[in-house]
Amino acid sequence: MTTSPTVGIIMGSQSDWPVMRHAAAILEEMGVPHEAKIVSAHRTPDRLTEYAKAAKARGLKVIIAGAGGAAHLPGMTAAMTPLPVLGVPVQSKTLSGLDSLLSIVQMPRGVPVGTLAIGEAGAVNAGLMAAAIIALNDDAVAAKLDAYRAAQTDGVAEVPEG
Amino acid sequence: MTTSPTVGIIMGSQSDWPVMRHAAAILEEMGVPHEAKIVSAHRTPDRLTEYAKAAKARGLKVIIAGAGGAAHLPGMTAAMTPLPVLGVPVQSKTLSGLDSLLSIVQMPRGVPVGTLAIGEAGAVNAGLMAAAIIALNDDAVAAKLDAYRAAQTDGVAEVPEG
Amino acid sequence: MTTSPTVGIIMGSQSDWPVMRHAAAILEEMGVPHEAKIVSAHRTPDRLTEYAKAAKARGLKVIIAGAGGAAHLPGMTAAMTPLPVLGVPVQSKTLSGLDSLLSIVQMPRGVPVGTLAIGEAGAVNAGLMAAAIIALNDDAVAAKLDAYRAAQTDGVAEVPEG
Amino acid sequence: MTTSPTVGIIMGSQSDWPVMRHAAAILEEMGVPHEAKIVSAHRTPDRLTEYAKAAKARGLKVIIAGAGGAAHLPGMTAAMTPLPVLGVPVQSKTLSGLDSLLSIVQMPRGVPVGTLAIGEAGAVNAGLMAAAIIALNDDAVAAKLDAYRAAQTDGVAEVPEG
Amino acid sequence: MTTSPTVGIIMGSQSDWPVMRHAAAILEEMGVPHEAKIVSAHRTPDRLTEYAKAAKARGLKVIIAGAGGAAHLPGMTAAMTPLPVLGVPVQSKTLSGLDSLLSIVQMPRGVPVGTLAIGEAGAVNAGLMAAAIIALNDDAVAAKLDAYRAAQTDGVAEVPEG
Amino acid sequence: MTTSPTVGIIMGSQSDWPVMRHAAAILEEMGVPHEAKIVSAHRTPDRLTEYAKAAKARGLKVIIAGAGGAAHLPGMTAAMTPLPVLGVPVQSKTLSGLDSLLSIVQMPRGVPVGTLAIGEAGAVNAGLMAAAIIALNDDAVAAKLDAYRAAQTDGVAEVPEG
Amino acid sequence: MTTSPTVGIIMGSQSDWPVMRHAAAILEEMGVPHEAKIVSAHRTPDRLTEYAKAAKARGLKVIIAGAGGAAHLPGMTAAMTPLPVLGVPVQSKTLSGLDSLLSIVQMPRGVPVGTLAIGEAGAVNAGLMAAAIIALNDDAVAAKLDAYRAAQTDGVAEVPEG
Amino acid sequence: MTTSPTVGIIMGSQSDWPVMRHAAAILEEMGVPHEAKIVSAHRTPDRLTEYAKAAKARGLKVIIAGAGGAAHLPGMTAAMTPLPVLGVPVQSKTLSGLDSLLSIVQMPRGVPVGTLAIGEAGAVNAGLMAAAIIALNDDAVAAKLDAYRAAQTDGVAEVPEG
């Protein structure tokens, strides 16, 4: 069976879920088996280590990590897995997510995190990018992704209303 | 033969090459066939359209796009290909690359660009991330990537010198 | 007849219209024939290419383009038309429009976008600036613009109230 | 004769000239008659008033104004002329031109300044945009502009060197 | 009589009054005769010139100028009067007043504006600073200012409540 | 005699002097008696308290305080003297003086600091503003200030050179 | 008895208490005797001097200081006591606390302030860090801190809800 | 013997040592036994885990962690030790250390890092703050710290030179 997850979505806390569930929704729509877990780099560092180190052997292909503020989850995950890691900066209360963005994107040479936009758009796009990576070797996902993008293009009205 | 490129590196101008060649060097080291082209979103928009639309059919799996300032190349490429696109913000003269970073990373929902760090570190990491994506279905690349990371870990001295 | 549009207002999505309709309102008031279209650089890149390349031949004189976040619409339009392009940074949810502003204004040498203020003030001003350009060869518009500015000056009370 | 200037380039001080002369060079190349003056909003406010108020009657069509720091020249010029005004933020010593940019672009509704990129690229682009406005009613300039852009496109090498 | 104003409070628009009236309230409390006017640098440049140039002869000693966005009012006033000018950056809708602050404070050498904090605190403090300047030669104002500061110190509770 | 200082220039460290001596030079030129002292808020807090509390009784009229980074000197001085305090943000090594600027200008209601531009321009302007305050009751200084400004205006060339 | 306070929490005004009481709550929970006072650097500089200079002799071990805007309280306290000082940047109305953060953290060499996150998280963490310092020589506090952290780790759900 | 280290200085790479050695030098001067190690959060995550988890048992009292860019070392260390952790943002090439600062200071509630200034000043101050914590229970260190501060105060010249 192919229902064991190929994409892991992890986030620093329950409060990130309203943003990160958009990544899950996209993967659902694309037919990509996935899982969503709370893994806090700061509050559960051991869980992070276990998750990251086991990810590849468990069959995951891509990890999406969302976090806010001094957002260390994506980068620390990337430090402990050879899988591609996508980072979603969750908007912070005080600095609009600029802190989250810089904490995720400014990784040193040697350990990459593919960073998406701050907030909900970034979560959606992390789902789409994970699907695009899976689609490189999965024609069914590729077809759904093509359909999604075609529908997206078709859905743009010619003239603004209101 | 397997030497037709699987990763395309594009950049907005010749002046981005001193940064972007670090992506090429990593791909070389990882044994990933690649190509490097100058494709300016603003000066050669037709070339961009052709490149992006043909990329998948030509056998590319990942596109790495580097640009600076109002950096539109990664996002516009992502708009015209289903392939995963990685963006490298090239450091700008006046705003240290903050403009490049925001122009690349803040993509609207529906069209993702996986963004790396500003400058040389980002170019290296784009190469590594592209290799990690390729490695999902290429054991030779996966082995080289593992070796690269192991060497990187081993290369960190215990005690600072000087 | 002179009712074929001389100014094209384009925007990345329906959600930009509450801002961009202020540009349309000014052009209406100045008696400048105009059109408003949704053209998404990222979701409808072909529509953008067609729009930009056909603009001059269709009789447009100025294009006003509004977009938010990684705002590529103004710059990509400018890349494909010899017409003057005015850009309006639409305020983004997470970074107050700083991302929109830098993505629009920091164009590389060779492809200019005349950028206005973030948000509604910028949309109004894009309309006024387009009218000022049209007015260079249209005395009726010039007269309306003069009247608008005179009324604006007269409308400033001497003493604050309240 | 057509040699009376149609574009006025003004700048806050002699120290802005190394940047602003790039606007002049482009206008020269495009065959657009122009003049370059030092007009300091803060040190010569009367000169500014005279310049801005006389500009249209003297036959100018477009004004390009460059300034740095608390850059008031473009906005104050726009306040006193119906002509389209283009602003060039000159890079400042302490804040990389972010202060110049915001001081120029964030004009209130009613008085637009079409703002270009910070520094030399912005000066070049101000020249090009002024030429594009002139070209709306001057076929010779339009032809030169087309040629400039075509040459620019042709000048982009396919492959990076070095 | 001494009731002709010694401090002039000017602001760019009616919308600045809810902030700037705090400067007026302080001057009232300090017994400093003052006036409040709307003087828009961009919409009423002539009024600004007249106001600034006549200020000293009319008996003003200090001018307080408040404005937002590309805030040119304080600096342009300072350009046309030898009187000390205090600037109040009014909080802007899109960039939290950072644009207002930089547009006011980053004046070039030769034309100073003494800049206060963004928003209401800055308006209060502009009033206090104007009073402190007047107090240098007015013992009654000096006494009131001392009393104000003493009361302010006394008003700070020892222990937080709630 | 009138040579006891009326303006006190203080700075956080010797390293601020290359910037702050420009304030002293202007006061010298304007004929305003002044003194320059190093008073570190952080390293010599007692000296600061003594200086600030004694300033008025010693005959000072205005205090100019320059500091960088977490620049507390101007604000703490203002907390302990009724005299008007002008602040000069000295450019910092890491954040271009943005930290210095915000630390000085964002004073809470009740304790004003009139803040000038970052760096040398701010130091010059602090000197000019102090002179303008002194000039309110000193015709000789007023005359010198008028002459300085007239010369400054006359010194602006009409046309850029080079 | 040991109930005389070992940690002093000070804040610039009553309005900081809704943030700073989170530091007090943590210390309460950790069993660390503490006190909370309002000490305004700008409105009560003498109280600050007395508080800071007496702190060590009164038996305090750590001082937590919270303030917003041009936040001078933590740094000035650190200037007058040998005790470790922790700073909490309180979120400001206009610049989201960036001004508070930079005013606190960018202390010059020689006088450290250990700075925590902007706002409530920073207040909680200042309490925790003070407790960690106390715990170095107080096994009861150390045990409570360990229990707090263990509970915190245990409290992280595996899977997001909703 | 007391020479087993009580303060651990760790840094992300050899390139941080020119900054971080200033922390070591201060501890040396204060007579605080210390050690300096390279521990990269991203390249040697296991070493980090071992170091952080063993720190307390090894007798360390305080950990100083310096890192740049997406600086995760201080926060991840704090996640795995109950000891107080001080963070030093090392100046980054592209964003002047703003990324380093925000990545370190904006920790979520529950896991504090006491953050010092960006760069060399921060490293010196981390050393001083660690010493101040040690001094709470070590009179010899307390005496040296008092002497250091007294000398620092005495070393401030009255009048600037040059």
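Letters are used for the chains, namely A, B, C, D, E, F, G and H, taken in the order the chains are written, and counting of residues starts over at 1 for each.
Convention: contacts are C-beta pairs under 8 Å (C-beta built on N, C-alpha and C of every residue); 3 or more make two chains touch, one makes a residue touch a chain.
It should be emphasised that the depicted structure is a prediction, and the values quoted were computed from it without experimental measurement.
*Asks:* Nearest 5 degrees, what's the C-alpha rotation angle taking chain A to chain G?
*Replies:* Superposing the C-alpha atoms of chain A on chain G needs a rotation of 90 degrees.
*Asks:* Once you find the CA centre of chain C and the CA centre of chain F, what distance in Å lies between them?
*Replies:* Distance between chain centres, rounded to whole Å: 44 Å.
*Asks:* Could you put a whole-Å number on the gap between the CA centroids of chain C and chain E?
*Replies:* 35
*Asks:* I'd like to verify one number: the distance from the centre of chain A to the centre of chain E, where each centre is the average of its C-alpha atoms, in whole angstrom.
*Replies:* 50
*Asks:* Where in chain A do residues touch two or more of the other chains?
*Replies:* 13, 43, 69-70, 94-96, 98, 105-108, 110-111, 113, 117-118, 121, 152
*Asks:* Going by the touch definition at the top, which pairs of chains touch each other?
*Replies:* Listed in label order, the chain pairs in contact are A-B, A-C, A-G, A-H, B-C, B-D, B-H, C-D, C-E, D-E, D-F, E-F, E-G, F-G, F-H, G-H.
*Asks:* Of all residues in chain E, which touch chain D in the complex?
*Replies:* Residues 12-13, 41-43, 45, 49, 68-70, 72, 75-76, 78-80, 92, 94-95, 98-99, 102-108, 110-111, 113.
*Asks:* Where on chain H is chain B touching in the complex?
*Replies:* On the chain H side, the touching residues are 11, 13-14, 16-18, 20-21, 36-38, 40, 43-44, 47, 69-70, 93-96.
*Asks:* Which chain G residues qualify as touching chain H in the complex?
*Replies:* So the residues of chain G in touch with chain H come to 61, 82-84, 86, 101, 105-118, 120-121, 124-126, 128-129, 132-133, 135-137, 142, 145-146, 149, 152.
*Asks:* Given the complex with chain C, which residues does chain A contribute to the contact?
*Replies:* Contacts found on chain A: 91, 96-98, 117-119, 121, 152-153, 155-162.
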